[in-house]
Amino acid sequence: MQIHETENETDGSIDLMINMGPQHPSTHGVFRLVIWVDGERIIKSEPHIGYLHRGSEKICESEHYSQIVTLFDRMDYVGNLNSELAFCLATEKIMDVCVPERAEYIRVILCELNRVASHMLFYGVYGLDAGAMTPILYAFREREKIQNLFESVTGARMMHNYIRIGGVKENLPRDFQQRLHEVLEHLKRGIEECDALISKNEMFLARTKGVGAISGADAIDFGVTGPALRASGVVEDIRVTDPYSIYDRFDFNIPVGTYGDCWDRFYVRVEEMRESVKIIEQAARDLPEGDISAAVRRIVRPPKGEVFVRTESPRGDLAVFLVSDGTDTPYRVKVRAPSFANLQALEQMLQGAYLADAVLILGSIDLIMGEVDR
Amino acid sequence: MLRTQILPRKRKTVNKKPSPSRRAREIPIAPPRLDPRGEELFEVLKGVFPSGLKCEIGICIDIVTITVPKESLVQVCQLLKDAQNLSFDYLCSISVVDYEESEQRFEIVYHMVSLSTYYKVAVKTSVVSADPVLPTVTSVWRSAEWFEREGHDLFGVIFLGHSNLSPLLLYEGFDGFPGRKSFPFHDYQEW
Amino acid sequence: MSLSEVFIILAKAVILMLSVSLVVLVLTYAERKALARIQQRMGPTRVGFKGILQPVADSLKLITKEDILPTWADRGVYWLAPIAVFVPAFLMWVTIPVTRQIVVENLDLGLFYITAVSVLSVLGLLMAGWGSASKWAVMGGLRAAGQLISYEIPFIMAILGVAMLAQSLDLTEIVAQQHSVSFALVQPLGLFIFLTSALAELGRTPFDIHHAESEVIGGPFVEYSGAHWSIFFLAEYMNTFTIAVLTVLLFLGGWSWPTMPFEGFLHATLSLIWLLIKTSAVLWLIFWIRGTYPRLRIDQLMAFGWKLLVPLSFLNIVITAIVLFYGLPLWVLTCLSGILLVGAVCIIRLNSSSSMERDTVRLVSAKDVRSKAKFSPLETSGGAE
């Protein structure tokens, strides 16, 4: 048997180097983490990414603007609508298009539903990471309801391609309000049930409390955003502090953690689901009639310029930097993926943790490799 | 070891460049339309930089831009981060744009946001094709680490002083810089 | 030994093997169904009526799969490991009676034999871990060794308490002693220690650390496939069943029925059914725990074992000895044991709740943040100068 080992500089003992991933079941995709362990304790870690690099940014440069939306679907494949929105907002900003009210409301409703679905997935998978089999099935039951609603609206369960430049693809189905109401009722109960299922479990608390803590200042320095940043006690939500679309019209709360440990990151997301439901309810109440798309040509040629749009995706600050040279294809699209930046803080979080904690810490960042590698 | 080779063009590729008639079309330029916060930042920024520092404050649609030569990049970034009324503590992203035909080929854009005053600003610097080297800003923000690695990986821009510029998104031994405009898009084959 | 004796022993072994295998098949089905109920699923439904042939299909699939040998594997150790795990699991059944009459070979030192043999499976897990030449497998194997050895102590101590009460190591005798009152009522603490450490011995949730899917990817079994993997699987379920039966025999009164009017065959059948009913209740508890709890971390597991279970198991023996030595009535032991059990639970709860602040996530109203973040030229321009 061959074991690659390195000598520990401090006490001369031998550290074992283990390769976690890219086929490890709990790395949430094709992520590779090389860790050096002393027994069960992690001495050093080194993340390796790029296994899912498809060159999306480069492909964007050769596609028409309207064709790019579907590429964005495949970046954050759990929060599809949120990433679609980011690109559409950037293009609209550069073209100075005014999106009709109804389309804005539809976008908000669907994006928030998408956020709940994404957090539900996180919730379930996190339970699995901790070794509890049951939560994921409860989470998927709720997520399924949302997916069904998506299917009735967009025609697809995951890769929607629904949000278009200047509005949305199609009008809502006739019984949308009623369906949405049913889904929301289910969700409200489901979120409480999920919360009761594991959040107060002694063993779960013992596993996650104080594990992988990161301070607010460190988190900002590493570029951590979204729920992971809020868990560290920083009040920052782009929907509120730098509002896009019509998010400034809704009344909701921003859940903020204290210690920035795994439990805070977990529970911030659970709370966020509740807040998202509140937003959806308000948006559904105010949903106006009218056009669903601005008059935008199919092949758009925005004026020359550069825009930088930040949006709050389920994982954090999803920003799009779009350079247009006046042709029908963008000159450069740069996606600032939240998971990519959040992952940088992993090394810091892993310091001194146990091997078993590595899985939980990794899970608590809520990685989507499609977005990290692009 | 994995090798890549760039094969000669096999099939007829569509000329992606705009046709002369389209090029002749006058390309409109998006007008600046700053929000009040941006306008204020524009005013504030004028007083921040010492007179010796070469930098140009401009507006690009809705974001204030600061164009600096690469020599004073780190100084400007540090200033932006430390200034009491700005405190750009959060580096949002570093983007490299390849302007193939321009002399200053690579433009590196640093987008940063202040989490206390909610200003956002873009700092731009550019490097020439022959010598794509510029100083790293990892000493200012640690988040620059991976952004710069990515920039080096895809565009071949060298960030001087970066602790580890090994490939991040590409595999070891990848030949070429796929982010560049000159990298063949269709006729590229792995192994 | 005459030929007929050899033949009888062989026949017994074969019958035992077959019946235990059958039990394992039923158990996999039962577990899948039970977990499915907990998780709002149907469980297997396709193969046979309500999916009852699913275990058969599964085992056929496993047997026909390719056996994969990793290049760097230590061949001999790698192939022997499943046997080393399976044989002790099987050997334990030699002396476990399922009724007064049905037992392969009732030993006077039955309990002693069982505890001795049950430790052997650690060796197999270590062999599997080492032989696989995978770091994850080694890690799993070492975790298994650490875990199994440390929980062996409270496990044996809990059994010892029962042996003291019954004044015997013969399982049939122990059951007979519980004719009037089962030992679970006399030693609730013993039952708690026994079940907890047994779960750890089995490596079932919340102690499934050595083959944790999300951490060490199946631990020692990570490289195994097909028939060899299924032998590990078989041994694991066999052990689960063994532990459930032992719990019933040692603490829940076994097959003893207050007034059993029948004798002979009918008695044996009814006793067996009664035992199996009790056993399935214990099994259901084990499945239930699996469906409910997350996994502990290795240091928490060790702390729980050494700091709580080991002292408790010693206390259990001490109070049993005191009660027996002074000839006090058994209800005194029940009270003492019960108080200790409640005390232990309190300690666990206090420990966890004192070290853990619960409400660390607070809600900040978006309105407040908005009003703070809202652009107000007067306020900010003042600060800008």
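Letters are used for the chains, namely A, B and C, taken in the order the chains are written, and counting of residues starts over at 1 for each.
Keep this in mind: contacts are C-beta pairs under 8 Å (C-beta built on N, C-alpha and C of every residue); 3 or more make two chains touch, one makes a residue touch a chain.
It should be emphasised that the depicted structure is a prediction, and the values quoted were computed from it without experimental measurement.
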{"item": "Most widely separated chain from subunit A, with each centre as the mean of CA atoms", "value": "C"}
{"item": "Chain nearest the overall Cα centroid", "value": "A"}
{"item": "Cα-centroid distance, subunit A relative to subunit B, in whole angstrom", "value": "24"}
{"item": "Distance from subunit C to subunit A - Cα centre to Cα centre, in angstrom", "value": "39"}
{"item": "Where subunit B and subunit C are represented by their mean Cα positions, the distance between them in whole Å", "value": "58"}
{"item": "Contacts with 2+ other chains: residues of subunit A", "value": "241"}
{"item": "Subunit C: positions in contact with at least two other chains", "value": "373"}
{"item": "Per-residue multi-chain contacts in subunit B, two or more chains", "value": "118"}
{"item": "Subunit A to subunit B touching residues, read off their complex", "value": "49-50, 53, 55, 57-58, 61-62, 93-96, 220-223, 234, 236, 241-242, 302-308, 310, 317, 319, 321, 323-327, 329, 331-332, 334, 336, 340-341, 343-344, 373-374"}
{"item": "Subunit C residues within the subunit A interface of the complex", "value": "35, 38-41, 72-74, 130, 133, 135-136, 138-139, 205-206, 208-209, 212-217, 290-300, 348-349, 352, 355-358, 360-367, 369-370, 373"}
{"item": "Subunit C-touching residues of subunit A, taken from the complex the two chains share", "value": "1-3, 16, 18-19, 24-26, 40, 127-134, 137-138, 141, 198, 201-207, 209, 231, 235, 237, 239-241, 248, 250-259, 263-264, 267-268, 271, 275, 354-357, 359"}
{"item": "Residue numbers on subunit B that touch subunit A, as the complex places them", "value": "16, 18, 22, 27-30, 33, 60-63, 89-93, 95-98, 109, 111, 113, 115, 118, 120, 122, 141-143, 145-147, 154, 167-171, 178-179, 181, 183, 185"}
